[in-house]
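Common to both upcoming complexes is chain A, partnered first by chain B, then by chain C.
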Partner chain A sequence: MRLTRHRLLTATAFAGLTLGGPALADDLTIGLKSEPSSLDPQFHVLSPNMQVALSIFEALTTQDPTGAVKPLLAESWALASPTEWDFKLRPGVTFSDGSPLTAADVVFTFDRVAKVPNSPTAFTLFTRKIASVTALDDATVRITTTVPYPLLLVDIVNIPILSKTAASGPAPEGRTTTEMNRGEGLIGTGPFTFVSWQKGADLVLARNEHYWGTAPAWDRVVMRPMTNPAARAAALLAGDIDMMEDLPTASIADFRANKAVNVVSAPPARSIYIALDQERDDSPGIGGAGGKNPLKDKRVREALSLAIDRAAIVERIMGGAAVAAGSLGTGTMFGTSPAHVDAPRPDTERARALLAEAGWGNGFTITLGSPSGRYVNDARVSQTVAAMWSRIGVTTAVDAVAPPVYFKNRDALDYSAYLGSWGNNTAEIGTTLTAQLMTYDKAKGQGTANGGRYSNPELDRLLDEASGTMDDAARKALLEQADALAMEDYAILPLHFEVPSWALRSGLTYAARADQFTLPQFVTTEN
Partner chain B sequence: MAAPMIPAAKTASPRRLLMQRFAESPLAVLGLGTLLLLLGFAALAPWVAPQNPYDIGALEIFDSQLPPGSVSEFTGTTYWLGTDGQARDVLSAMLYGMRTSLIVAVTSVLGALLIGTTIGMVAAYIGGWVDAVLMRIVDLQLSFPAILVALVLLSVLGQGVDKVILALVIVQWAYFARTARSTAMVERNREYVLAARCLNLGSRRIIFRHMLPNCLPPLIVIATIDLAHAIAAEATLSFLGIGVPVTEPSLGMLIANGFEFMMSGQYWISFFPGMALALLILAINLVGDHLRDILNPRNAQ
Partner chain C sequence: MLVFVINRLLQSVIVLLVMSVLVFVGIFLIGDPTAMLVSPEATDLERQMVREALGLDRSMLVQYLSFMGNALQGDFGRSFLTGQPALQLILERMPATFELVIVAMGFAVLMGVPLGMLAGMRPEAPSSRAIMALSIFGFSLPTFWIGLMLIMVFAVQLGLLPASGRGPTVEVGPLKLSLLTLQGWYHVALPALTLGLAKAALLIRVTRAATREVLPMDYIKFARAKGLPARRIFGVHLLKNIMIPILTVSGLEFGQAIAFAVVTESVFSWPGMGKLLIDSIITLDRPVVVAYVLIMVFFLVILNLVVDLLYMAIDPSSREKVRD
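Right after this comes the complex of A and B.
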């Protein structure tokens, strides 16, 4: 009875969206948390766009579910010099229109990146270290970088290869973004082809009959934006969709116990942390400290870290869908200090003692800035941290605001302490540390996300050295040293890593990915 | 033309008459009783609530999401209505939340009443271009949905109880201005006003000493009904996450907080505050409706 009514309600709600008729056995309908802003794979660096692009197109390299780089359209690569990479294209690959993949397509693709106008976040983010891309012969491409750049292989994962013939046009960039949004020029080598897209409603893909790799299990894939998580969950339970993104943490336990659905989780990747102002003496969110900034004292930062029971936050607030953090990088990430993989244990006694030792035995007050609705359970995590800090005598107020206001305040350095987050798709901790903890210098592109304005010349030196070191073992050692240095200085307080979850109807499974992309080619039937 | 009457001067004890007529409706009396009870609990929240939900340092996170009737393993207190996701006692949070909701609603309605009535009466008394300008401003204000205006204001002003009050005053004053003006327009041409003018009394004295008492009844009715609206508006704003601070939830925010737990069967986090909100608004509306019946001059016959 309850189920019937449920079905009816959901069916009514989506009557306008469904195409009608019973779903075929080889159809897959996915409830997305947000829809792509464009189908042009070089317009906007945004997860919903990337995951559609990576279903239709493929790049030279790819990342496996844990984030490690693997060959894709490039079968192999070799360094001709520290700045010259020669990529050998995989033989026998054809586009979905049947034409073969050649080096000219790769050159065309990289050439188009900088020409796409009006991009909200440009893909030049991934090509800024590339000086030139040239075809050595039909099956070999040389990418020359401006400096020795070990992260090139990860960066080009985000540049899927277009067909030169299909994507050429009169405009400087060839097919324009508007044309691509209509489906023109969307010819790739990926497992699916484009069928139709209505903004705000379904995006339909079909199997690519010319696909060079293992054929995907689905004839037809429907990606349906459903922004409300409760609506997605209800639709999955009612059987209207086969898979949903981003299962709410409050529902995880119920869904795990439910035999009709299958919950899969990805390796943790996105880090949640608290940044502390360590630059100004008169910090805006601190009170009762006589114009001094207690956060500049390492003992105070250590006390604040010891006050936080990270395991309790993971269990009670995140519903188990997180991993407590001891560093900004996960244990599997390249360059994370092995000594800081495990989260520190809470110790309120020691925290109080450290505060007293630093001369703040009577405590002080602080305001913790937090977004409300940007990261998983963000405002609740902030309130819990505030409760834990208040216990050791640091009376904490939470300023939880809508994400745009939060970002504006954060960038204006209006917070003395704030809850932040950093997603790292490079699987290497160097990028995180460079953005978060290197001395702020916008021109050099370092410390760009360093809202606490932490500055340590020794850390800067280690990261500078690591960024130009091509030898993996040597770079790893430098990064581990840098990470350990930052964590032992309590430069920033890592809390946990979010574990993204998907739910599927039972019988289906998904190779859940650390990059949080929902890629239909990796949805398979369980045997 | 009918002879001018001053209703308040009709009998020796108008207040007693009012009370007598009010008591005629058992439903309204029930509403008033419920309202007084809720007001009493809200006012005494710090003394009757089992826990101070605003003292975040005292919250024990492992007590979160407990069902009604659970006993805390840490403090031994019983959570009669369960706990929410931050381990606040739902009963205590409700009492404190109701307090916030009522403070916001009463203060904002009084503020709006004061400002709106003054502007409306001045517009009616002076007339001419002053009236035209003021009433066009009122038109402009009324043409925007109240909640939209409040949303924009709060995103500019930021969070906090004082800011919510300010935003609600700004969206509500126009109703009072409109009502005050229309009643005052009628009163302006009455003989007692003309008489006062002949005596060369000041405008301020005529407006506030002579006209105001006769314009009050409809304004009181509007204020009562608006009180319910203000509570609902504050709840909506807090539900949307832009009202009061997250660590000091009002009823609306408590309901919003519990929303995500609904799908997993933890109904109590939203349900009880929702019931309290519904009861509060119902009680105010019952009282307001009956007051309108009594004070409406059209029903006086």
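Right after this comes the complex of A and C.
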């Protein structure tokens, strides 16, 4: 066999080789790309933490693979008033220690959220609209919100229910984060129970014998952090692990051709876009424009959008592991404007004409800020966009830097244009638009990620109205209108949605999820 | 002698101070840890609250002084990411790295010294040339590549050894050790080989050079003339006299490997300190990075001191120099 170095580096040269003997049939070992920062389900809003929490615990509601909200511990719910939600708990649910789930556990759980100290991102992120949580009886919980809040159901997906008895303690928050990292108080209703955790190494879970739902296929689950993607791939091929997260785009084709492994992809969710400074006249990254900011002209923004060949980026840079975007929301997302689901076609002629019409026929220069190593192939995508912009006369230089430096520059508004990314966990475009394009207002907490400082009173009004509209159809119409308005104003230039992939040994499959979580209960054997 | 040790320790205090300033200021200048830590969905007010809770809203000087004040009392602060004491995070990972490096260095010395002596005694023999050629590969190939090659051959193709992790651990007091089990040795084999190959190659070259230097010496000739058995000549007279460069290089390489085994650790998903350092740098988890660097500087200073003391044990002439 002739091996080129590149292929070895990406650890994919061994297509067609048989795998080493798999572990016991009922053991599942997963190679994670990063490990949880804590096992306390209320310590840090971070994907690796959430996916472990959602294997051991369950919340009142859950999301299906596309992101739609489904009942879980709450069997049903009803609105007593626009701000009062009554959740009926599922009967017959017990914790892994055998004790029954009651409304007191739910109240305790929500009560603990704000009390967890030292949290890098507290779960109050999901409870900030909640005024109170009370038990109406043993099986009914009332959640009162401060304002009519349609997103409550998707917010509480992130608040898994703890057992009051197991998680109580002398500290204000009950069991402390340190205790939970040791496994104390980790009693949930989920399909798995905690066995052991050695930081930097294996986290071991076992099947919950008291589980109320369909029993998972695995007796034991081992989650092993393996930050290096080539090492994960090699370990999968060697049979050390049964499943790996985050297959690198460069390996997807080789893995698909390999009969010993099975590749699954999630619905697209994370959006990659380019934000443009539309506030300042003297924007730091723009040159040759006589102190003016061409990006404030809609025609220039449209020209920049038309210059980008999104399909080519998806195919050549992303290896097909992405979907070209016409909006910040995917086609299946609630509130995405149907007219903007498909990515716009590139048209360099029209782009040049628009630039000339706007008075920039001789072009200008711009620096495109980009992280290097934060998002999939981020720096290469930026370089490609720069080449495409340069082709229509906007000479573009890429400033690709390490993620911490990129974030610092971005937050200091040092970029006139930058490549950014946004993950939407609500499956509703409203949260994305509110963060990305609503007028920046620190006190109101809107436009928090609006690095281009785009501002449009009409868009603000539509989003404001949508956020308090409880009727789904009416809210959907408002959001679609808002999305269309923003896209037609070229407020931001969406590029594509990342499509995350998992690889499993053949014979296994995974119901891959838009939220990108790796949840062992949804790994099953193929028949 | 005592003065020598005290002098060295005093010097190390200065080195530690300088390092703490460099690392602290360096990370401070890179960026704001909250940009990496806090969920992008958090509002600026929520972000501000985290900044205040972590003490990041204060000036750099105040942050540094309060850090140093606590550090002098043995408290390196809490990791921004996990909320755990930084020192504890590092100490938890330390046994894994030490196990890996000790096995790797053991391999390097057992391979490197005999092969280097062989190559030095008969420099023109084909076997010696082969050894030297191999050693060039040993330290010119990148560790990363060697690691993946070994995984490909021994784990993927032959299925003999595991490609990742450390295996089950046995608790010995507060330490979790994996070398006490057979599984542990299986797991350490490939990473130790990866890490040890380059070190072995270096030791071959050092030993060879030293051997060639010592062989023509009068006392070796005299020993031969006296009719001493080859075993005694090489095993005692030669080995003793080439020990100093070998010890120097081994000591330095050992320290280097402990502090920066990170490439090997990430290729083999070995749960050691190197991986912790890289992860912490990426997330700008300053307490962990600063604590790590300070511990490593201290460790290297002590290691050098031990090497120097060993010189004195081996080489009486170096004791004279110390007195000056």
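By our rule, the second predicted complex is superposed on the first by the 505 of 527 C-alpha atoms of A that agree within 3 Å, B and C clash if a C-alpha of one lies under 4 Å from a C-alpha of the other, contacts with A are read in each partner's own complex, and residues count from 1 in each chain.
The rule is simple: a contact is a pair of C-beta atoms (placed from the backbone, for glycine too) under 8 Å apart; a residue touches a chain by one contact, two chains touch by 3 or more.
The shown structure was predicted, so the numbers you read here are calculated from the model rather than taken from an experiment.
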Overlay done on chain A, so just call it for chain B and chain C: clash or fit.
-> fit
Which partner does A:A312 contact after superposing on A: first (chain B), second (chain C), both, neither?
-> first
When the two structures are overlaid on chain A, which partner does A:A397 contact: first (chain B), second (chain C), both, or neither?
-> first
Using the superposition on chain A described above, determine whether A:W85 touches chain B (first), chain C (second), both, or neither.
-> neither
Touching partner for A:A386 - first (chain B), second (chain C), both, neither = first
Tell me which of chain B and chain C touches more residues of chain A.
-> C
Tell me which partner A:A230 touches in the superposition: chain B (first), chain C (second), both or neither.
-> both
Three-chain overlay: angle at chain A's Cα centre between chain B and chain C, nearest 10 degrees, stands at 40
Chain B versus chain C as contact partner of A:Y273, first or second or both or neither = neither
Partner chain in contact with A:V405 - chain B first, chain C second, else both or neither = both
Determine, under the contact definition given at the top, whether A:W218 touches first (chain B), second (chain C), both, or neither.
-> neither
With both complexes overlaid on chain A, what's the closest CA-to-CA approach of chain B to chain C, in Å?
-> 6
Chain B/chain C common contact set on chain A = 230, 234, 402, 405
Inside the complex, what are the residues of chain A that reach chain C?
-> 5, 8-9, 11, 13-14, 17, 20-21, 31, 34, 37-38, 43-46, 117-122, 124-125, 177-178, 181, 198-202, 224-228, 230-232, 234-235, 237-241, 402-405, 407-408, 410-411, 422-423, 425, 431, 435, 442-443, 445, 448-449
Chain A residues within the chain B interface of the complex | 229-230, 233-234, 248, 250-251, 253-254, 309, 312-313, 316-317, 372-373, 379-380, 382-384, 386-388, 390-391, 395-402, 405
Which part of chain C faces chain A closely enough to touch in the complex?
-> 30-46, 50, 53-54, 78, 80-84, 89, 92-93, 96, 144-145, 148-149, 151-152, 155-157, 159, 162-166, 169, 176, 266-269, 271-272, 275-276, 278-279, 282, 284
Partner chain A, residues of chain B touching it in the complex = 55-57, 59, 61-62, 64-65, 85-87, 155, 158-159, 241-242, 245-247, 259-266
